[in-house]
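These are the structures in question, set out in turn.
In what follows, chain A forms one complex with chain B and a second complex with chain C.
Presenting the complex of A and B:
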């Protein structure tokens, strides 16, 4: 059962940095620092997701989402704002640190009913995007072996370049290479390689900002170079630790819109 | 140019002739070495059927585009059969294993492997929806196996598609990336699949790439088998006709060299060997040999009349006499093949072009190499044999008289045969099937039939519906019409099932309404459709939707699975689909077709069109050539009659005997015209000579029947013998072609010696209009 992490925010948060500057680090230490960055207790944001296929057609979706993490339960709710024909559709996910299977609900305004969804689907890609559920979730550094391959400057930023290979076989990537900025420990770029060792996708962080004392990535693009398909996620009006009431994460609240 | 060279040669001295002979021999050897090297380095067999189609044709351009939009790819189908049902741990383990191993192969995209193991089971539950794989760990308990079977049976998206309705066969469908299927992979995938045989499981491999691969394997094999066979048969026939080991050898050598040059040029110009081209050696050998026979016949005739003549005298005289009629014969044959160039179908076009080149080479060799060979190697003086064609003389003349007296009967027979042929002509149909190129009891055909009997079908037809308005396919009325059209088409016996966006929407509607069968319909509102689609994207596999609808929801791909790749099957389906055109247009929707099945159909239309054009072209050119050669329109018309009759009968027989036009048999008529007209040319030319000499129709016709009758008879024997070798081909259409060409040669022969002979006689061809006396005297001959 995969933990569904919503729309890249978690991975983005996990890349946030306290700005601790360490001396020469190992690959593992770099990735652990990235992983251990604190995230806010709750977040809310307006989000837009643009999918571009190889024909250049675009699919644009606007959402409003809320996330809160309390007592080992991560609760998320998202409302579709556009396109018009799905406006009001909402999706809620509770994921448990105990490893219990996620609870998911969907509300379809046309059906006027909230339904529970359980999904053991192997469908890897989230909502037709280039992000897999894995890409969106935080992968614990212990699952991979890490190697600091070099340090280099990308777009004027000094970066650690870390190569990570999964310890167990059967993972969908044979390796990833991550560029982590030295000053704030935000991952700036990541390359994903397929099981045959060929470059599959490239993740680029295009915009980030410190909000309420925490680094938040505001724009990111994932490009599947083999399929010539890309996904851009942009956050606006991000609020961190502003207090989202527990009543937001209920079936009733799903039916009421954002 | 060549005419000039030949004329020049005739003036050369013996010494110079010998030098010249050595030079030609050297050029020949050098050329052959070059072409053999080209063949070794550059020749390759083209089996990708897409490469057979004209890429710039609008139908193909659109299809390619649609294939890109919706990732329409040809797939390999691996079927695993267990007579006592596939729901046992061993078979399920194999399905899982095959699926995961295919996913790892670089020839496939992970997402393109569809099987019971990889499929999503979207289920409606009381309070919601459940998306699960059918199994991850192979179930072993009887209870688990039973519940798996039940969930398969209740899921229309899997039942009858990935597991047969009787539960005894499971299918693993693997769409291939473009241009990755080659001989090595074909062998690898077969070996891989077959390794799962055993434990009561039988594994079958089908699908278009496999059909293409098998063709690619069998084609060269067939050629390897046919070439020695045709050489053997021709050697025998040649030896019987020429009675000289040396002449037989050199004639054979000349046709083998012409074949090498034709294939060598193909390799040098980068043209691949298409499946039809594998028939080229047989054709070039059968046709080219006739030229050698003409040469040696002329040579021997000269020797008979002048036993004391030297080799060079005999050779020069033979070439002098031969070059004109031989050139005519060769050029008409070349016209027949060149006319195939009008075809838009590349294999046919190239087949025509390179066979024509081969014949050109054979013709040059007959006029250059064969004479040279005698000048260099000498020739054995033949014992002068007593004429043994006396009985033929009497027989042919008896026949001539009989025919002339009973000409009304001949014409009546002709009219009946033409009427029958015209009737048969209407039954001729075109078959673009590639499966029909194989033996009905071959493994590939049997596998295909088996998979077709258990599943929707191994062939596909894609219908692409487009609208100018975005979100058109979220509109229930549009979807309902699509659904109705799908259902109506599925009624056809040869249409197994169909698949489109409507299937997903109906499934989602049912699932979200507690799995009640009554909700297996298109919902009432477009918002509902949009929300279902969003839900499917979030919970199912969004990649699946990409294969049925575009991002703007105004291009739709409907896939029909057909139980045959022949034109009849596809046309039947299209007829039903087309009946919805008006209703789609009313909704602002347009319909087009795509996919390999449809391309085959367009392809077959192009074959027919090309066939008609090349017949018209070759007939026209042959008529023109005859008329010019004999400076008489009448001669043009009369000379064309035997081949027109031949073409008619050929089509008539094809219609009556249910032989379809295919890429192979489409070559037939042009070939028949090209070779068959030789008989008329020889006949008319001889007749003209004798008529001028004797000024008597009667004497001229008898002399012509005696001399030319014998010559064209032996020509027909050689060509027919050569083409009959094709009866040993592994490909049924090739056998059919051999048989039909042989039949056509025979009709041409009979047509020339009977109907044309009568017409020549009756029409008083070549008669000088001013010489009335002759006319009276010839008229009197009849009395």
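Presenting the complex of A and C:
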């Protein structure tokens, strides 16, 4: 499952209309269906990230985000709005459906320079949140083995429960378990297990809504149960298929800010 | 003429403010206290500096305005108030025009200036100031033409701005080895505001999936002065009885480029420039004014890598004087390396950083460990040290200036 879509940006409500319905899916089929959900050609939104530590202290990060997907390339640019010491920073990521390594750049206003950065550090936490860069990116279903472990109802929603394990060693998670709603193939919940097999983090979708005919997840929470630290991401002013120009994903755009 | 340009700039800024008055003024900046102690004299502060840095920005659909005033207040010297940047922007679909005092940064090297030659350096505290403070703004007209992933940038700098050197008496003043106290002649140091003294630069840049590329060129007055000497020798004793030093800034032409290339988990960077007509100091008797004009190469190869969450970076830099002659005070090849290791802890609340310049010719170094702690959003406390090793060379000459410091910075 694409966590970025899980975060919400755009997921199609029903696969009924696309004819993708099976009496009994396998785990791989469920995850491929989620991965291949059309998500709109472009989205834009204001993001608010609230980081809460075990003492209950909160830190707030605000961003503007634009995403466009064409020709198998998903381009994303994020403008950091607050706190003040990161204001003006922008981050751009190009990810490829072919599995090619992502391209990433960061613009630091103090340096007045756009710098290409390595996409190898996907285990790093994004802006101190509970989301790693890997959590925010695309993970192709072929990178994992999937098993449909059961079907159950969560919060009144009938779900497939799929266990996914990485095919290669060295991944940050030993496995994930995902609850995918049967009616719309939106991921409702996901558990992340550390390399020792212990539950590390839980992702929960808390609010989603249909915008311009597309289901959009508006609020989601990632909780690190080992550190008792959580991050809630809320989207505002979401626009889908409004036309984000290709020029948005350039060095010029990074340096000029939002 | 400079006054006319100032009035023109002021007029443009005011008209820009008026045209953008319907847009909200964005105010940001920081206040900072910076306190340092030399380890050789822990009883006295080497610096106590309070800084106010303001960024005032107005952005319209097609126009923009930025004013960046700053104030440094010291315990032992007069306050310094200035404008780091003040410029107007005009945007079209493909063309951006920026007029005014601005910082222009080029190249891929970090902490080293190879093709990054438009904004002169402020070396009043050697290389220790933060990156945004180490570059002075230049009054310039900058045009950027964008098409897809390609950008063509042209810069015209009508007013020459030299490197700001440390004040005499400063602990950062470089050692000048004259045999007798000289008389200074600044008659050629102040460059007239004229077309012939103006500077022009051109850059093509590309940002693509496979690599980033910059190709640059420029014709400009080199920001560091050449020191032309005139000796008065006693005809009887043949002893030196007088010495006049005349600093001058000479035109050089430069061509070069830089790139960043992702290779798996690595990012490989390179940068190089060829300078035509740089001046070097010499002791050769065939050069009576103690300078020689030579062509010069400056290049860098670097790599960035992240290992177990530690951001690592290394750069190998060489400066090479072509057609070298004995007596030139610089070595024919000067090699420097830089190293950076940086890691965050507690979800970006604590940063540990180690940056070092290492001079291989003189076995000298500047080592800069630093700890930064985010007390609250926007409020940061830094503690660090600047450790100079060696006895000679670019860094070794400051061996007695080892320093510990603390900075408290509030961004708003």
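The rule is short, and it goes like this: the second predicted complex is superposed on the first by the 196 of 258 C-alpha atoms of A that agree within 3 Å, B and C clash if a C-alpha of one lies under 4 Å from a C-alpha of the other, contacts with A are read in each partner's own complex, and residues count from 1 in each chain.
Heads up, the rule we're going with is that a contact is a pair of C-beta atoms (placed from the backbone, for glycine too) under 8 Å apart; a residue touches a chain by one contact, two chains touch by 3 or more.
Only a predicted model underlies this, so the values are computations on that prediction, with no experimental measurement involved.
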| item | value |
| --- | --- |
| Which of chain B and chain C A:195 touches, first, second, both or neither | first |
| Contacts of A:94 with chain B and chain C, given as first, second, both or neither | second |
| Which of chain B and chain C A:247 touches, first, second, both or neither | second |
| Contacts of A:219 with chain B and chain C, given as first, second, both or neither | neither |
| Which superposed partner A:80 touches (first chain B, second chain C, both, neither) | first |
| Contacts of A:106 with chain B and chain C, given as first, second, both or neither | first |
| First (chain B), second (chain C), both or neither touched by A:69 | neither |
| Chain B versus chain C as contact partner of A:46, first or second or both or neither | neither |
| Residues of chain A that lie at the interface with chain B and also at the interface with chain C | 51, 59, 83, 85, 105, 110-111, 113, 115-121, 123, 125, 127-128 |
| Contact set on chain A toward chain B in their complex | 51, 53-55, 57-59, 80, 83, 85-86, 89, 91, 105-106, 108-111, 113, 115-123, 125-128, 195-196 |
| Of all residues in chain B, those that touch chain A in their complex | 68-69, 104, 106, 118, 120, 125, 127-133, 136, 471, 474, 512, 523, 525-532, 534-535, 537-543, 545-546, 550-552 |
| Footprint of chain C on chain A - complex, ascending | 51, 59-60, 82-85, 87-88, 94, 100-101, 103, 105, 110-121, 123-125, 127-129, 229, 246-247, 250-252 |
| Residues on chain C engaged by chain A in the complex (per definition of touch) | 28, 30, 96, 103-105, 108, 130-132, 144, 146, 148-149, 151, 205, 207, 209, 212, 260, 262, 264-267, 304-306, 309, 311, 344, 347-349, 374, 377-378, 380, 409, 411-412 |
